[in-house]
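When the chains are written out, they are named A, B, C and D in that same order, and each has its own residue count from 1.
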Amino acid sequence: MNHLEPIFFYAFSLIAVLGSAIVVANKRPVYGVLALTVTMLALSALFVLLKAYFVAVIQVLIYAGAILVLFLFVIMLLGMAAVETSQRQRETKKEALFLETIRILKILLPIAFFTELIILTLAAKDAGIGTRNLVGTVEAIGQALFTDYLLPFELVSGILLIGIFGIVTLTQKEEELSLRGGPNGPTK
Amino acid sequence: MTLNHYLITSGILFAIGAFGVLGRRNVIIILLSIEIMLNAANLSFVAFASHLNDLGGQVISLFVIAIAASEVAIGLAIAVILFREQGTLDPEKMNLMKG
Amino acid sequence: MITHSIVPWFVFIPLLTAGLILLIPNNRSRLIYRVSVAANALTLFLAVVVFLNFDSHQSGWQFVVHRPWVSALGISYHVGLDGIGVVMVLLHGLLSFCGACVSRSIDRNIKLYFTLYSILVASIFGVFTSLDIFFLYLFYEMAVIPLYPLIGIWGSQNREYAAMKLTLYISLGAVLALVGLLSIYLASGLQTFDLVVLSEQAKTGLFSRQFQLWCAPLLIFGFGVIASLWPFHSWSPIGYAAAPTAVSMLHAGVLKKLGIFLIIRLVLTLLPEGARFWMPLVAVLCIVNILYGAWAAMAQNDMKFVIGFASVSHMGYAFLGIAALNQIALTGTVFFMFAHGIMAALCFALIGYIYDQTHTRIIPELGGLAKQIPFIAVCFVMAAFASSGLPGFANFVSEILIFFGAWETYPLLTVLAIFGIVVTATYMLRMVRHVFYGAPNPHWEKLKDAKALMIKLPYGLLVAVLLVFGFWPSFLLNAIRPTTEALLETHHSIFLTQAKHDSALSVGTRQLSHLAHYLYHGSRKENA
Amino acid sequence: MTAAASAWWILFFPLAAFLLIPLIPEKKRTLGGWLACAGMFCAFALTVKIAWPIFEGQPFHSFHASIEWILIPNLQLEFGVLIDSLSVLMLLVVTGVGSAIFYYSLEYMAQDEGYRRYFAGLSLFAFSMIGIVISANLLQLFIFWELVGLSSYLLIGHWYQKNEAADAGKKAFLTNRVGDFGFLIGILLLWTFSGAEAARSLNFLNLNVTIPAFAQASASHGIWITLAMLLVFSGVLGKSAQFPLHVWLPDAMEGPTPVSALIHAATMVAAGVYLLARTFPLFSLSPAALEIVAYLGGFTAIFAATQAIVQNDIKRILAYSTLSQLGYMVMAIGLGSAAIGMYHLTTHAFFKALLFLGAGSVIHATHEQDIWNMGGLAKKMPVTSVTFFIASFALVGFWPASGFFSKDEILSLAFLENKFLFWVAAFTVFLTALYMSRLIVVAFLGTSKIRKKLHEPTQKMLLPLAALAVLSLIGGFLGIQNILSPASHSSHETPVFVVALATAFGILGVLAAWFFYRSSRKIQNRFQTAFAPIREILVRKYYMDDLYDLLLRYIQQPFAQFLSWFERKVIVEGLVNHTAAFAAFSGFCLRKLQTGRIQTYLSVFFFGVVILVYCFTIANLHP
C-alpha cells in the first residue's frame, strides 16, 4: 500500500490545486462552485491518505454537500447579475497611481507569503515521516470529542446558533423594509 | 509522504485562496476563496495531527468546518442584501465607508 | 510629638479648602477670597513649624509617614522631608500665601479660580513631600492640569496659545520623564516605587552603568523642560506673560524649581554615573541658557516677558550648580532655588499690581511711576537688585556658592556665568529706569499706592525674607548641608572606585569641557 | 569696650541711622538729617578713640576678629574686622570728611522734597564705605564694594525725575558692575591659589602668607598671580574710575553736590586706591602687574587733566581733576609705595572735598553751574572764595599746603623709579595749575555776570568749609606719611631739583591761565581758532562716550534683537509649529488610505501578515 501512496498524494494535491485555480480564475461563479467541489473531494482523499477517515467523510458530507449546495442556491437566486462586470470606473490621476500600486501589491503579497511558508517549512529540521499509527476512526474522534474537547464542542454549537439568528434577522430586516417602504423607498 | 509535502500543498492552496480574496471583483468568488483558505488550513491541521500523533488536529478541523458553515451562511445573506442595495456584487462599488 | 504627622496635612489642607470653596455660594466672593487666604496662611504656618522643628544634624528623612497602598506593585503612601524638602516646602508655603493675597484683583468667577488654585498648591506640596515615585509623578501631573484653565480663562492677551503651548511642552517633558521613571522601576527589579529603598540600593550599584547612561538623559531632559533648560525654554516667557499674577508667581517661583528638585532627588541619587556622564552637556547648555535668556530679556519691551526671560536665564545658574556635582555648588543650587523663587514671585506680584491699575505692561508706555507709587517702586528696585545678585539679598549668597562650587569643575563656563550677572544687571536696571524713574508720565497721575497693610503684606513679606536670608544665610544652610553631604557621598564613593576604568566613550562636550579644564588647570594641577 | 567691639560699633552706627530714618514721619524730617549726622559723628568719635595711640606717636598694633558667616565643608566664609594702620588712616578720612559733609548737607538739602531718602542713602553709603575699610577678607570687601556701588546709584539718581540723573545713576552702577565682574573672577582665582583644598580662606592675613608661598612654588604660577592681580585691578578701574571705565564719573555730577563731594571726591573713588594698598603685598609679587598699574595711573592722570581744561561746568572740572589725582595715587602705588599713594589720598580727600563743598555753596547761592555765567564771586562770597583759593592752592601743590608734600613725594618716587612717568606727572602738574587757575580767574575774579544779590551761605555750610581749609593747609605737617611706614621715614630725601621743577610748572600754569583768561576776547578767540581741532577732541572727551554708545548700539543691541528674532523664528516657528504641521500632514496621508474599498483594507491587513511571517522566517533562519 505504501508504495502507491506518493502517487495518490501527488495526484490528489494536483487536482486540488488546479480546482482552486479554476475557482479563482474563472468568470462565471457557477463553474467556480463546481471546481470547488472537485477540490473538496480531492482534499478528502488526502485526508484518507492521512488516516483521518472521519474528517474525510465529514468533509464530503457537510462541506461539499451542504455548504456548496447553499452557494448554488444563492447563485441561482442572484441570477445573471452574478456574472462579473469588470468595467473600471474613472479615477483621478493621483488616485490611479495609488490604486495601481495596491493592485500590484495584491498579486505580489500571496506569492511573497507562499515563498516565506516554503522557506519556513524547508528550514524545519525534524520534518521526517511521523509515526503514522494514528487512526482517525469514528470512535477515536467521538471519544476525544466528548472528553477532552467537550467545551469547544458546546461553543461551536453556540456559534452555529448565532449564525442562524444572524441570518434570520438579516432576512427579517429585508422583508420588513419592503413591507413599509424601507428607508430609501420600495426596493427595486 | 512527509509532513513537508502536505504543508507545501496547503501553502499553495492558501496562496491561491488569498489571491482570490484580494484580486477578484465578485463577492461570491471572494467567499469561495475564503473557503479554499479554510480548507488549506484544515489540511495542515490534519497533517500535523498525524505527524504529532495527536487527535487534536482532526477535532479542530471538524470545528473549522462547523464554523465555516455558519460563516458562509451569514456571508451569503450579506451578499444577497448587498446585491439588493447596490444592484451589483462588485466590492469596489461598496465604498460608503470612504474616509 | 504632634509634629510627627504634619507632612500629610500639607496636601490635605489645600484639597479640603478646594472642597470647602465649592460649597460657598458664588456671589460671596469676599468670603471665598478670605477662606483661601486663611488656608494658605495655615499651610505657611505649618511650613514654618516644620522648618523650625527640622533637626539639621541628622541627614536622613524626617517627619516620615508610611502607609502601604498597592503592595502588589510596591506603591505606598510614603511621605517625608529632608533638608532640601524642608526648604522647598517653606518656599512654597510663602509663595502660595502671597499668591492668594495678591489674587484679590480677580473678578470673574472667583470660586472656580480659587478651587483650581488650591488644587495647584496641593499638588506642588505633594511633589515636595512624597517619597514614592508613583505619587511623585501623580502630583507632578496633577500640578500641570489646573494650569491650563487658570491661564486659559483668567490670562491676558493670547492666553489660549500660551496655555496650550505650556501644557503641551510640560506634558511632553513629563512623558519623557515617565519613560525614565518606569525604566527605573523595572530595572531595579525590587518591585517597589519607594524612593528610600531605591536610593539605599543605588548606593551599592543597583543600576548598571549602561542602564544609567541612557536613563539619565531621559530624566534630565524630561524634567529639564519644566525647568526651561535651553532648547525647551520657549514656553516659559510666553506662559508667564499670559498667566494671571498669582499663577505666574507660583509658576516662576515654584513650578520651575520642581524640575531641578526632581533632577536632584532622582538623577543625582539613583543614577550617579549617568549624572556624571551627562552633566558636562548640561553645563554647556545652561551657559547658553544664562546668556541667551539675558540677551533676549534685553530686547523685550513687555515687563512680564523681561522677567520671563530673566527666570530662564537664572535657571541656567541652578543647572550650573547641579552640573558641577560638588557639595558647595549643590548647596548653592538649593539655596538659589529658594532665593530665586522668592525674587521671581516678588517681581511678578509687583508687575501684577501695576498691570491691575494701568492695564499695560509695555515699558515705553509706563514712565516715572516712582512719584505715584513709592512703596511699589522701592520694592521693585530691591527686587531688581536682588535679581542682579547684589550682596545683602539671598540671591547673592546663592550665586556666590554656585560660582565657588562650579569654579572647581568648569572654570571657563563659570567665567561666562559671572558675565551673565553683568548683563542681568543691565536689563533689570534698564527696566527700572524706564518704568519708575525719569520724567513723570501725566497719563498715570491717578495711580494709587499700596496703602493698606493687607495689600502691602505680600510684598513686604517677600522683601523681608530676601533680606533676612541674605544677611544671615546659615538659617537655611544648616538645614541643606547634611542632605547635600549625604547625597554626594554616593558620588564620591562610586567614582573613587570607578575612576580608574572610566570608559573611553564620552560625549564630545564632555571632552570639550575637560579639554578646556585641563588646559586651564593643567599647569596648576601637577604641583598645587 | 575692646578695640574690636568698637570697630563693630563704627560699622553699625550708620546702619542704625539708615534703618531708623525711614521710620521718622515726614513732618519731623529734620530729625532724620540729625540722626544721620549723629550716626556719622559717633563713628568718627570711635575712630579717633581707636586711633588715639597714633596721635601720641606710639606704633599702632592691629587687631582682627571674625565670626562664621557661611560654613560648608571646604568653603569657610567669615565676617570679620581687621583694623591696622592702613584701615585706621582710611577710617579717619572717611568718617572725618564724611561728618563734615553730612553737617554741610543738612543745610544744602534743607528744601529738597526727598530729604529723608537723601540722608538714608548717605547713611547707607557711610555704612558700606566703612565696611570696605574694616573688612577682614576679600569676599566681605567685595560685598561692601557692591553695596557702595548701590548707594552711589541711589544718590546719583536722587533727583530721579530728571532723565539725565536716572541715566547717570544707571551708567555708574553698570560701569562699576563691569569692573566688579573682573574683580570677582580675581577673587575666585586667589581663592583657588590660597592653600590646600579644605584650608582655603580669603582672609587678608592668610592671603599674605599663602599666595607668596604659592608664587614661589613654580615659575608658571607667577603668570597666574599676575592675571589674578590684574583682574583685581579691573575692580579698581571700575570703582576709582580709571582709564577705560572712567566714563561714569563726569556724568555722576548729576547728583547733589555734597554727594559728589563725599562719594566722587573723597571716599568712594578712593576705595579703589585703598584696595590696591590693602592687597599691595600680593601686587608686589608680580612686577608686571605693578608696571601696568603705574602706566595706567599715569595715563589717566594726564588724560583727565587735558579734558578738564575745556569743561565749562564747575563740577565737571572738579570731576576730571579728581580723575587725574586718582591717576596720581594709582601711579604712586604702581611705582611701588602704598604709603605715598595713601598719603596723597588723605590730603586729596581734604582739599577735593573742600573744592566740591565750595562749588556747592556757589551753586546753592547762584543756582548756576556754568563758570562763564559766574564771575566776580570773590567780592560777593569772601569766605567761600578764600577757602576755595586755599583748596586749589593745595591741589596745584604750592609750598605750605598739604598737596605740596604728598604730590612731591609722588614726583620724587617717579623721579627715582621711572623717568618717563616723572615727566608725565610733572606736565600734569602744569595742566592742573592751568585748569584750576582758569576756574578761579573766570568764576571768582573778573566782572560779575550774576544779576541777583548774592549772599554768603549760612553758618552750617561755612563751618565744614573752614575745618577742611585748615586741614588742607596743615595736612602736610601732621606727619600722616609716617602713620603707614613709621620705621623708614622716606629713605630718599626729596631731591631739591624735583621740588623746584614742580613748583615752577605750577607757577607757569597759573601765569599762563592768568594772562590768557584775563586778556581781551580777541586774543582768546584767536587762540581758540588756532587750537580748534585739539579743543574739539577734548570737548568730545576723546570720543570715549561715543565709543561706548557705539559699542552698545551696534553690538549689544543688534545681538539682543537677533536673539529675540532667533527666539521667535527658530524656536517658536521652527521647532514647535513645524512639529504641529507634521502631525497634521501625517494625518492627511493616512486618511487617503481609507479608500472605502474592502479589498484595499484586506490587502493592507495581509501585508501585515506577510511582514509578521517574514519576522518569523528571519528569527528562524539564524536563531
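Please note the rule applied: a residue touches a chain if its C-beta (ideal position, glycine included) is under 8 Å from a C-beta of that chain, and two chains touch if they have at least 3 such contacts.
Since we're looking at a predicted model, the values are computed, not measured.
Interface comparison, A-B versus A-D: the pair with the greater number of contacting C-beta pairs is A-B. The chain closest to the protein's centre is C, with centres computed as averages of CA atoms.
The centroid of the Cα atoms in chain A and the matching centroid in chain B are 4 Å apart.
Chain C has its Cα centroid 64 Å from the Cα centroid of chain B. Centroids built from CA atoms put chain D at 99 Å from chain A. Note on chain placement: the centre of chain B and the centre of chain D lie 95 Å apart, centres being C-alpha means.
Across the assembly, chain B contributes 18, 22, 92 as residues in contact with two or more other chains. Residues of chain A found to touch two or more other chains are 106, 109-110, 113, 117. Going by the touch rule set out above, the chain pairs that meet are A-B, A-D, B-D, C-D. Those residues of chain D that touch chain B in the complex are listed here as 591-599, 602-603, 606. Residues of chain B that touch chain A in their complex: 1-9, 11-20, 22-26, 28-29, 31-33, 35-36, 39, 42-43, 46-47, 49-56, 58-59, 61-63, 65-74, 76-81, 83-84, 87-90, 92. Residue ranges on chain D touching chain C, taken from their complex, read 68-75, 77, 139, 142-144, 146-147, 150, 157, 160-163, 165-167, 169-170, 173-174, 177-178, 181, 184-185, 188, 191-192, 217-218, 220-221, 224, 556-557, 559-561, 563-564, 567, 571-572, 575-576.
Only residues 95, 98-99, 102, 105-106, 109-110, 112-113, 116-117, 119-120, 123 of chain A touch chain D when the two sit together in their complex. Looking at the complex, you find that chain C touches chain D at residues 165, 231, 233-234, 292, 295-296, 298-300, 327-328, 331, 368, 370-371, 385, 388, 390-392, 396-397, 400-401, 403-405, 407, 414-415, 418-419, 421-422, 425-426, 429-430, 433, 436-440, 473-474, 477, 481, 485, 523-524, 527-528.
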